[in-house]
Structures are given as C-alpha cells and as structure tokens.
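One structure follows; several queries about it will come next.
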Amino acid sequence: MRSMASSPSPKGIAAIVGVGPKLGRSIARKFAHEGYTVAILARDLGQLSRFADEIAREEKAQVFAIRIDCSESRSIKEAFEGVLSLGFVEVLVYNAYHPLSWTPTSFSDIRLDHFEKSVVVSSVGAFHCAQQVLPGMIDRGRGTILFTGCTASLNGIDGYSDLCCGKFALRGLSQSLARELQPMGVHVAHVIIDGIIGTPRGTLPSTCQQSSSSHQRSSSSSVGEQQHAGGGGDGVMDPDVLAQTYWQLHMQDRAIWTQEIDVRPGGPRLC
Amino acid sequence: MRSMASSPSPKGIAAIVGVGPKLGRSIARKFAHEGYTVAILARDLGQLSRFADEIAREEKAQVFAIRIDCSESRSIKEAFEGVLSLGFVEVLVYNAYHPLSWTPTSFSDIRLDHFEKSVVVSSVGAFHCAQQVLPGMIDRGRGTILFTGCTASLNGIDGYSDLCCGKFALRGLSQSLARELQPMGVHVAHVIIDGIIGTPRGTLPSTCQQSSSSHQRSSSSSVGEQQHAGGGGDGVMDPDVLAQTYWQLHMQDRAIWTQEIDVRPGGPRLC
Amino acid sequence: MRSMASSPSPKGIAAIVGVGPKLGRSIARKFAHEGYTVAILARDLGQLSRFADEIAREEKAQVFAIRIDCSESRSIKEAFEGVLSLGFVEVLVYNAYHPLSWTPTSFSDIRLDHFEKSVVVSSVGAFHCAQQVLPGMIDRGRGTILFTGCTASLNGIDGYSDLCCGKFALRGLSQSLARELQPMGVHVAHVIIDGIIGTPRGTLPSTCQQSSSSHQRSSSSSVGEQQHAGGGGDGVMDPDVLAQTYWQLHMQDRAIWTQEIDVRPGGPRLC
Amino acid sequence: MRSMASSPSPKGIAAIVGVGPKLGRSIARKFAHEGYTVAILARDLGQLSRFADEIAREEKAQVFAIRIDCSESRSIKEAFEGVLSLGFVEVLVYNAYHPLSWTPTSFSDIRLDHFEKSVVVSSVGAFHCAQQVLPGMIDRGRGTILFTGCTASLNGIDGYSDLCCGKFALRGLSQSLARELQPMGVHVAHVIIDGIIGTPRGTLPSTCQQSSSSHQRSSSSSVGEQQHAGGGGDGVMDPDVLAQTYWQLHMQDRAIWTQEIDVRPGGPRLC
C-alpha cells in the first residue's frame, strides 16, 4: 500500500488527503521540504506513487503514497491504519472532492448517486478522516487540521449544486470542530480558495511566463472564474504559493489562530 | 401507503416532508386551511395518520399521510410516486432532519454511520425530494420549494457538528437551486428558524399562558437558545405563527421573491 | 413645514424617511391604505407634497409631508419634532441614502465630503431618526423600525465604495439595535433589496406590459443588475409589491420576528 | 510634527494609523524590524514619540511619530503630507477607532455627535487615509493596505451599535477597494481580530506566564470575550504575534492575495 517505508519522524506526520497534480502535491512538497514525513492519499495510486517518488527525491524526505477512496468508509479506515502506523499524525489536510463533472450540470440531469457521492466526499469524508487522527492530537494537546474550501463554500452557484452543498457542509463542519477542538489544543482552519489553481510556476523557465495550464482547470476553477473576473495577472494561482498559506496556518503561534482565510489571484505581475 | 385518498385538487398539492407535532403539522394545517390538498410525509406513519385525520377534520381538507424515510433513496422515490399520483405538486416544504441526539455530542463520540445519515437526511434527501417534483414545476413554469434551516445553518456550534454540516449543506443547495430555477418560474426559499419551536398556542386556554412545551425542545431549539438568549416573551416560537411565514413566501407575487428570511422569538407579550 | 395637518390617529403614525417616486411612495401608500396616519420625509418638499396629496386623496388617509435633510442633525431633529407632534410614531421606515452618482465612481475620483455625506446619510441618519422615535416605542413596549438595504449591504462592489460602506454600516446598526430593542418590545428588521426597483405596475394598462421605467433606475439598481442577471421577468421589481414586504414585517405576530429578509426579482410572468 | 527625520528608505514607508500600546505598536515594531521606515500616527503625540524612540532604538530603524486626528479631514491631510514627504508609502495599516466608552452603552444614551464621530473614525477616516497614499501605489503598481476589524465587524452586538456600525462599514469599504484596486496591483486586506488583545509577552520573564494585562482590555476585547468564550490559553492575544499576520499579508506573493482573515485566541499553552 505504501510506496516507501521507514521509521516515524520525531516531527510527526503530515497527511494530505486528496492529492492531484496541483494543490495537494504542492502542499505535500512544502511539508516534506520543512522536514515532515508526509503521507499523500488519493484514489489513483499510480499517479500518487510518482508524486511520492518525485517529492522524496527532490526534498530528501520520507513520502508515503496510500490509496484512499473518500466515498468509502472502509477505505478511509484502512488508509488511516496505514497512516497512523507511521507515527503521530500532527497535520491533516483535507482537499478531497468528487466533482460531478467539469462543467455546470442542470439540477434535473444530476443522478442521485452522483450527487450523494459528491456531497459525502466533500463533507462526511472530511469528518471521517478527522476522526481517525483526533485521538492522537487530543492526547498530545496539539495538531492542525486544514480543510480546503472554494468559491462554492460561500455562495450558491447555478449548475454546481453538488459542489455548493458539499463545500457549504465542509465549512459548517470546520466551524463546529474549531469551537470544540480549540480548547483541547487542536487548530482547525478553513482555506477558501476563490479562483483558479494552475500548475506550479517555479519549474518553468523564468520570469513572467504565462501559466501553461489554463486548459487544465479544476472544477472549482471554472466556478471561481465566473465569480471573480478581473483578478490580477493571468488570474491563475500557483499551487506552490497556495501551499505556503497552509504552512503558515500550521505554524501559527498558539497566541493566535486563524479559523478562516480566503485566497484569490493577486495583482498583475511587476515586470 | 396513504391513509386517505381522493381526487386531485385543482390548486395543486402541497407536500410537507418531515412532519412532527410542531412545525410540520402547523405548515400542513395552514396549507390545508388555504384550500390545498396536502400530503404529509414522515417516518412514523401512525402519528402521521393521526395528524392527517385531525387536519382533514378541522380544516375540511384532503390530507394524505405517506410514509417516507429521507435517508433511503428508494423510500423517497416510492413516497413521491404516491404524492405525484395525487396531482401537480405545487409546493414542497422540506423540514426533515435526523438528529444524532437531543444534546451536544462530542466529535469523538459520534458514530460515522450516524453522522452520515444526519448529513444525508438534511441535504441529499432535500435534493432528492426536490428532484421528484421539479419536472412538473418546470413544465408549468410555477411552483414553490421551501427549505427549513436553523441557527446551525449560519454558524458552527460546538457539539452539533452533524447538524451544522447538514444545515450548511442545505443552505448551499437552496442558494444554488434558487439561481438555477428562478428563471424557470420556480421559487426556492430558505427559512432560518433561529430559536426554539414550542407547541401551538391557539388551542390553549386564553391569554398570556406560558408555553406548555418548554421541556419538549427540538434539537435546533436547544442550539438556538444558547445563541439568542434574551429574546422576547418566553423565547419559544409558536409553530402556527411560523407556518404563516411559509405561506407568505409561497404567496409572494412574481414581482419579488425572497431567497432567505430569518425568524426568531419576538418581543415580550403585551398584556 | 407640513403640507397637511390634523388630529393624531389612534393607530399611531408611520414615518417614512427617504421618499422618492418609487419605494418610499409605495410604502407610504400601503400604510395609508391600512389606516395609518403617514408622515413622509425627504429633501424635495415640492415633490413630497404632491405625493402626500395624491396618497391622501386616493387612500382617504392623513398624509403629512415634512422636509428632512438626513445629512444634517438639526434638520432631523426639527423634522421629527413635527412628526412626533402628530402622535405616537409606531412605525419608522428608513430608506434614505445620498448616492455619489448613478454610475460607478473610481475611488481616487471621490471627493471626501461627498463620501462622508453618503456614509453619514446611510447610517448616522438612520441612527438619529431611530433615536427620535425610540422613547415612545420603549414606553409603550411596541413599535417597528425597518431599514432598507440593497445588494451593496452584503458584498463590496467595485466603483460603489461609498454605497457599500454606508449600507454595510446600516446592516451592523440594524443587527445591534435588534438585539438591544427586541427585549423591550421593539421590532427592528433589515430588508435587503437585491435588484432594480421600477415604477408601480398597478396603474398601467393591464397584463404583462413591460415596465416603463427601465431608464429610471436607482443607484442600487444598476448595482443589483450586475450581481443578479438572469432574474425572472423583466428583472425590475414593482415597489407596490415591495411595500407589502414592509407591511408584513410590521404585522408579524410577537411570537416570531424576522431580523433580515432579502427580496429580488421573481420568476418570469405567467401569461 | 515629527520626532525624528531622515532620508527616505528605498524600501518605502510603512504608515501605521491608530497606534496605542498594543496592536499598533507591535505592527510598527515588526515593520521596523523588517527594515521599513515607519511612520506611526495617533492623537497622543507624547505617547507616540516614546513609542517611536523605543522602536527606533531597539530595532535600529527610522521611526516617525506624526499626530493625527482621524475624525478631522484637515488633520488627516496634514499628517499625510508629513508621511508622504518621507517617501513612497508602500504599506498603510488602518487601526483607528474612537470608542464611545469601554462598556456597553444603551442606544438611547448615546449622544449623536459621539456616535457620528465613532462611525466616521472607523470608516471615513480609513477612506481618507487610503486616498492619500493611493496615487503613489497606483503609479508604481504595488502597495498594501490593511484594515483592522474585530468581532463587531461580523455580527451586531447589543450595546455596541457605534462600533458595529463603523466596523461593518470598514469591511464594506475594504471589499469594495479590494475589487477596484487589485487589478492595479494594490493589495487590500481586512483582518478580523476576534478576541481580546493583551500586552506583548516577549518582554516578560519566560515561559507560560499569565498575561499581565487582563485589566487593560480594549473595547473590542470585552466584545470579543462575550462571543468567543472558551478559547484557548488565557484567551488574550499577544499583539506581537498578531503583527506577524499583518507582515505575512504584506509579504504574500502576487500569485495569491488574501482579502479577509480572522484571528482569535489559540489553544491552551503546552508547558
């Protein structure tokens, strides 16, 4: 089930659930870069293993690829048995969602089982993953749980009822957990990504190139685009930069914790 | 499956899903009083049949009791075959939810299957019921769908993660559907009930009695209470009065439609 | 200062502040129609007097036109001395705002005094008017204060910083007052008008005519239009229908009170 | 008017408006520490000069104390002539507000001139300060404007109508400006401080001491406390840690910008 194995890190494990070629991979890379042992989880174990190898090599870190299907409670339980065997899970990032499609879908055309799966992956899956790692966090009085929201977390969007339903749910879950878990020393935060995520720019030949990824939009992307036209630059967010936000949230001093932060494409490039 | 049967009403059918002794019953009574044929749906067919008989007798209306389990897609489909056989469903009210318990539950103590059922009943059940009645509404270019939210729709609450997750989801669904369906002539609105629902006062002996129901609180009630202490009167809302809000939303002229309204206990009684 | 005078009504006075040819006039007419003595207040006393005469004649009601400049505290105080001399002010509706212009204005081009006046009229003026009528309401343990918001109450809008600043402020004021005054029996509510207000349709020749008023848009109108394209019908709201919402809020039973309601153009006409 | 003078910094100026012994001072110190020339502005020039001397000495930075009264447009204009003479203002932080009192004030007891001043300082003052620095930022296509909100920015609070009115207004202003200025390369963000700010802990003798400042609560503090009981630790936020949030917002890569972030007391100390 894992593509690599080793002894647990003293720093604890960062488990990233919902890892594709953009945000999840960048967050995993960031935590690996900062010295964490990282477990990355998604459905496509082949792709996941390539990411794990790549990050392990580039960041000289321990990275474990573990298959998970967040619509299946048994799969979540088994996957986290693997994660927890690595050591104390200090950080959980939950990114997973299961879009109906990459384009707007008329309400009448949505199949019930698809709708339910989409909502369950966005919200119940997040609950279930959090429940796996919480006993360890509560025991130690520390830990960070970060949930990924999007434009659809804040306002209903025509043609994306499943996404809105699931992402609103995740926000409600996040707020409830934050209030309950903060007094126990566990930091719960919700990141609202209000726009399109592109591919990392760092690896492309230098300054001011256009994103090569405008055709590879995520579902939340096309949604975000309608809502926040007129953003800066090419309007596409670099996932490596987004990953810094996740890192900063985890690094927040106990004196203050953020519960919710939004991020969107910034101003035009200066060059 | 029905406790009464008769020919369809020319006015169309009002289907009320999630009917207990308080809000659902009062809404059903109000629509019956206004001349609608009413279908009331819930899990407890015995209680439902008593309500149907009572409303039919008192309001001289046609009232059908149909069993539904909103956590089961097959049950929803079958129940609505019954509802749709009565005629055009002009109004759908969705009240159903499946609380984990009547008191706060620590996150770690929640069983996954209970959490999932609670979220699914609040949100996916609403989607599924709406999908059953929409083809008829879209065909005729008219119809009203009313969703019931509560305090937990707006802010996360410690100990009520399932309720917040489900009720946030329902709000996201409601907003998405409103944007999609309004241009087709279907009115979708979300009623946020921010407080405790008591029993109807109209039937009690005369003026300024205390609510007899302070011990019969609904789950959303105890939640609301913490949030809005210091409301007026005894702080308990009369469901017969709440039902008027549903009726007024349905009666709104096409010139303006409300998407969201809150209601809470009003000022102290004048007497 | 008044264009008409007479003995106070037993029902109390409805004072409508910010009365132009659309919403304010329609609200005044509705309360007059329901038997209230009405005071209408605005800067243009000539227009105001014509409205007062028209409503008095058509509704066989007492209507008083009183000049007010909501940017001047002295003017507010004097105007309300007139209003209060008519009797108990049972209802206050505050509609007034002072737009910078009818089109978006770049932040850098806004004159400070214009900005300040716009914000003060939207918010401080509302505070001041409420303060004039509150002693009477608190004494009697009853009264209704209704504030008019718009699309700009909920989200910042490029080019309308003064409107957003003032309307956000009014919403904050409304929520604070509601919490403070509800236990004293005073109902405070905020109506979010999310779209364009046209001219009343009732007086135009029969069915399904287009609004004659698409060129007479209010400032909140052009704002609303951008945000909620694809609404129903011609997308213009009939102020006579909007006025019913104000009336219904005032008529709410003490068992439940609404603090916030939105209204927007409804579905397409059926004809 | 200034307590120190020197040649402009190549990095640009950070202007902090509303500097008392807690948050403003900590933000000023952070930007000084990071190499910025800092202008601190408030009404009490004596206290301000002591802060300027202290920060200049400890951080080996240029710090200018400039008197400002944010309720007076002339004072704002004059103060910023001083600030702009120092060089390009790259960062503006607006913290100023003018509380009616440190305890809840009944609506009926508020004097109009106090209410107006409070609202104007929170919102119109922010507009005016932003307008002074924007031409330079727009010219260069870069700059950061950070507004400080609090618990009262999000929900009305009984007894704090002036604070809610002003802080809601500031949030609306912030959202409008962000949309307008982001395409011009200017980053506008709103920090919601949801809780009590204490005094910096760094200067106290080491680990796990209680905050010495529980009696020195700011107005937003007592407000926050009611809303968010049960936070972690002693429930008091260290302003030096809060200042890091302002610095991180300024440092955000142009690939992503945050418009809104909340911060509140974190979990219990580990010691």
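When the chains are written out, they are named A, B, C and D in that same order, and each has its own residue count from 1.
Note that a contact is a pair of C-beta atoms (placed from the backbone, for glycine too) under 8 Å apart; a residue touches a chain by one contact, two chains touch by 3 or more.
A quick map from chain label to UniProt name: A, B, C, D = 3-ketodihydrosphingosine reductase.
Since the structure is predicted, the reported quantities are computational estimates derived from the model, not experimental observations.
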Study note, to complete from the structure: In contact with chain A as well as chain D, sorted by label, we have none
Review point. Since chain C and chain D are copies that touch, is their contact same (over half of the numbers shared) or different (under half)?
Key: same
**Study point:** Fitting chain A to chain C on CA atoms, where both chains share a sequence, rotation angle to nearest 5 degrees
**Key:** 180
Study note, to complete from the structure: Taking each chain's mean CA coordinate, chain B and chain D are separated, in whole Å, by 45
Point to revise | Separation of mean Cα positions, chain B and chain A [Å, integer] | key: 35
Practice item. Please set out, as single numbers or ranges, the residues of chain D touching at least two other chains. Key: 158, 179, 230
Check your understanding: Okay, in this complex, where on chain D does chain A touch?
Key -> 141-142, 179, 182-187, 201, 230-233, 237-238, 241-242, 244-245, 248, 252-270
Study note, to complete from the structure: In the complex, the residues of chain A that touch chain B are 73, 106-108, 110, 112-113, 115-116, 119-120, 123-124, 127-128, 130-131, 134-135, 138, 152-153, 155-161, 164-181
